[in-house]
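Here come two complexes built around chain A, the first alongside chain B, the second alongside chain C.
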Partner chain A sequence: MQITCTGCSCLCDDITLRFNGEKIEEVRNACRRGAGIYLHHSSNMAKPKVDGEEVELEKALERAKEIIADSKNLVIYGLDTTTVEAQKVAIELAEKMQAYIDDCSTFCLGDFVEMILKGELPTATLEDVKNNAYVITYWGTDPYNSLPRHMSRYTYYPRGGKRQRGYEEDRYLVVVDVRKSHTAKLAKKNARFIKVDDDLELIDAFMKVMNGKAPEKFADDAARVIREMKKADFNVIFGGLGLKYGLNGNYKPFIELTKKLNEISKVYFIPAGFHANMRGFNETLFEKTGCVNRYSFREQKCSNDFAFSRLIESNAVDTALIIGSDPLNSLPFDVAKNLAKINTIVIDPRRSFTSEIAKVVLPSAISGVEQSGTMVRSDGVKVEVKAVVEKDVNDVYLLKDLVRAV
Partner chain B sequence: MLRFGKFLRKIEVEVVVARNALQAEAADAGKFSDDFVDKSAVLYISENFAKNTGLKEGQIVRVSNGERSVKLKVAISDIAPENGAVMPNSIYSSYLSDFSSFKRFKAIIEIEDGKQTTPDEILDLIET
Partner chain C sequence: MPITPMEVYKLLPKTNCKRCGEQTCMSFAFKVINREKTIEDCKPLFEEEKYRSQKEKLIKLLEPLNKATETGLIVDESKCVGCANCIVVCPVHAAEDPFGAGSGFGPTIENPILRMENGVVKVVNMEMCRRYGKNRTLCVACRENCPSDAISFLEG
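Presenting the complex of A and B:
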């Protein structure tokens, strides 16, 4: 059967697998990570729990309803690995409870998605990139590890449209990073690796070259990249976490750079990184509230103060409902320590670090393996994912039950 | 050539936190498995950095940031910065970092005995 992989935001739709009715025996075309999700789909499964004790699902669900109904300040968090359908129900629950809602994009690439949705950065689809892009810049991202098929399926390596002569002639690869990552090692012929310590210095160098001035640093790199971009009518920058943290919240110089680059050529921006449906969460919340994350239904606005980590650090919430995310794995210790002190309910198909400290654990279904639905690729394209075996108890089922109860 | 770094007990290093496909695969398979610990509790350093500091492949080191520390296994890799280190994105790097230094932080390395820190040991610290 052919399926769409939910391992990362590439959402590759050419995966084939052999399923014997009980076990997935073979996966083809997927990257190592994608294949792992299918081959290990039945390992490390979460069990319904209340206060660390294994119980029947109904009992865990009842306890979750009580905790949510009693909560005065609820935050709903995660949702980046589940479907748009589940995200909508979670937003409905947040609205009903006048709660906060946030996802990993707050400390990941949500700011870039917001700039795209507000029209501040010009964007394109991955198919456009495949068919047209000449200069392909990976800035602060290592797709070799985070999006393993990004370059082979959508960007640098495939031939398509106007780019029929192969990557060595028809693409120009630029990798910007603080270290020589696996992706940077691919920058050989018709390519350039630019090692940065401060991303703003490179932005400054590009701006100076375009303004006819000589930059103090990166003079040769910046001049060459600008010269290459001028050769084509379609270039793209893929921005990752390295770029986000390099800019440290100061996005204006980067927006100015993309505007200036678009005066000399066509340069598009696509975020690169993140979980399978992070962009889906950003777009779904944006449609409802005008914000991509960090939203309070009580205050009717988004704010840095409503970021999940900030709420937990400042003890502003008494209950956290965490769906398909493991903040104990990904957030700093101070956040993890405070999270362990409040009522935490985890909805997750797998046992996670956060499920170990949760008051209630509700096992759900793995999107794309046990639950069908809609997801949004990193470039904003909606993709339908179909389960290998549809499970009755999934994120939508559990969240709808919670909504009904409150 | 004498490499004085070899004789230093404490080595200061900048650590970059990055995704690693093999580690992500191990996380999906099970975060409480030995494979997850093997692929997450790792400090990647360059060959040059290893030569200058005397650190060896497979050695256990204590990596500290302020008052928090974990024991990691040294791995020599060409993806590590020339004079720095790389850690996979996991409970170990999260334990050592805060939001002011989320994906890049300064740490102290010391040679240690024993085994890598387990996720359960970090969970105990979170819960106490």
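Presenting the complex of A and C:
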């Protein structure tokens, strides 16, 4: 059985499963991260709970409806690992309740997705990259660990289109990072590893080289990369969290750099490294509101003050609906502990730290294993995800039920 | 850790007795590493009592030889994250399966050399490897592109 893996934003669609009766016995072609989802999908399942006690699903749903109906300030958070269909229903619920809605992209790569959707950064699909790209730059990201098959499936290693000789002659790899990461170790022949302390210094060096001046730092590296970029009509930069936090909110120099690079050659930008359907959430919300995340339907705008962590920290909300995320695990504990003080409802197929402190737990289905739907890959291509065993109670079912009640 | 012929040679009797069929102990050491001869072919080492400690050391040194596949490939599954770089870079895969493994997908041929099974790389069909058989070439493409050192070869 051929399926699409939902382990990360690569959404590899060539995974084969072999069954022994009903049990998944072997997963082929998936990385360790993807294979784990299928091999252990039935372990650590969540059970419907109200105030920490196991109850029937209907009872838990009733209690969740009551809490949401009584709430004055609701925040909906998570949604990055679920399908676009479920995200749409969640946005509908947020609109009805005049609630805040946010996902992990606030502290992940949401800003880059927003710049791409607004047309500030030129972008391409990963298929184009495979067929055309010459200089492939990984800036502040370590795909070997975060998106294991990114390089072998889509970018540096595969042969395709104009690049039939593959990584040996037809590609040039550039890795920009603060340390020699696993990906940087792959930068050997026809490649460069640039160790940076400050991303702005490197941006400055690139700009100086293009203006015909000699930069003080990275003179050799920057000149070589620009020279290689001029050789081809398709180059790509994959930006990760290292680039985002390196720029520290000031994206102007980077946008100017891509503009300038596009004057001498063709350079595209694709964000790399996030949850399976984070871009799907960003695009769905952008279509509806013009913002990619941290949106308040009451005030009709997005702002840093509406970021989930800020709302929880400042006790601005009385109810949190968390879908497929574990903020108690991923956010700073001082912030996340406030979740225990407010009414927290968790929709998650698995038990998590947050579900232990939640008032109501609603077990749902794992996208790609137990629920089908659409997901959006890191480059914006929509991918159909098929369930192995379709479950009736999934995110869409639960959220639609909550929407009907309000 | 790779085993070098010199390390093997140092522990051999170094008498060049030729009883193994080789002209020198050094050439015997090379053949042991290439697995054309086994250490048991060195008769004095097993017959004479004075070489006992050397023999024990040598057997311990050559333990990885038994674990390695016939081409000298050693896969440490605990280090593999399943990036599939090795599968895509393999020149044999690119030639035999250009639209499968050669283009970045999972192998579509029946018996590829390497395949991702349950998230880690598994050796499926060593006979296809360029390092196999008489006319072999010492290709190291898979090891070169494995940043976590999950793949290694006996010779280093």
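Simple rule for what comes next: the second predicted complex is superposed on the first by the 404 of 406 C-alpha atoms of A that agree within 3 Å, B and C clash if a C-alpha of one lies under 4 Å from a C-alpha of the other, contacts with A are read in each partner's own complex, and residues count from 1 in each chain.
Heads up, the rule we're going with is that contacts are C-beta pairs under 8 Å (C-beta built on N, C-alpha and C of every residue); 3 or more make two chains touch, one makes a residue touch a chain.
Everything quoted here is computed from the prediction, not taken from an experiment.
With chain A as the common reference, chain B sits beside chain C without any clash. When the shared chain is aligned, chain C comes close enough to touch A:Arg28, but chain B does not. Judged by the touch definition given at the top, the superposed model places A:Phe333 against chain B, while chain C stays out of reach. Touch criterion met: A:Thr16 reaches chain C, while chain B stays clear of it.
When the shared chain is aligned, no partner comes close enough to touch A:Lys65: not chain B, not chain C. In the superposition on chain A, A:Gly36 contacts both chain B and chain C. In the superposition on chain A, A:Lys391 contacts neither chain B nor chain C. Centres of mass aside, this uses C-alpha centres: at chain A, the angle toward chain B and chain C in the superposed model is 60 degrees, to the nearest 10. When the shared chain is aligned, chain C comes close enough to touch A:Tyr154, but chain B does not.
Once the two complexes are overlaid on the shared chain, A:Gly166 sits against chain C while remaining clear of chain B.
Within the superposed three-chain model, A:His182 lies in touch with chain B and with chain C [touch as defined at top]. Superposition on the common chain A brings chain B within a closest Cα-Cα distance of 6 Å of chain C. Residues 31-33, 36, 144-145, 148, 182, 185 of chain A touch chain B in one complex and chain C in the other. Within the complex formed with chain A, the chain C residues making contact are 80-85, 87-89, 94, 98, 102-107, 115-120, 144-145, 147-148. Those residues of chain A that touch chain C in the complex are listed here as 14-16, 26-36, 39, 130, 144-145, 148-149, 151-154, 157-160, 166-167, 182-183, 185-186, 188. Of all residues in chain A, those touching chain B in their complex are 7, 31-33, 36-37, 40, 43-44, 107, 142, 144-146, 148, 178-182, 185, 241-242, 245, 273, 309, 326, 328-334, 336-337, 340, 350-353, 356-357. Across the complex, chain B meets chain A through its residues 16, 18-22, 24-25, 27-33, 68, 78-81, 84, 86, 89-91, 94-99, 102-104, 119, 123, 125-127.
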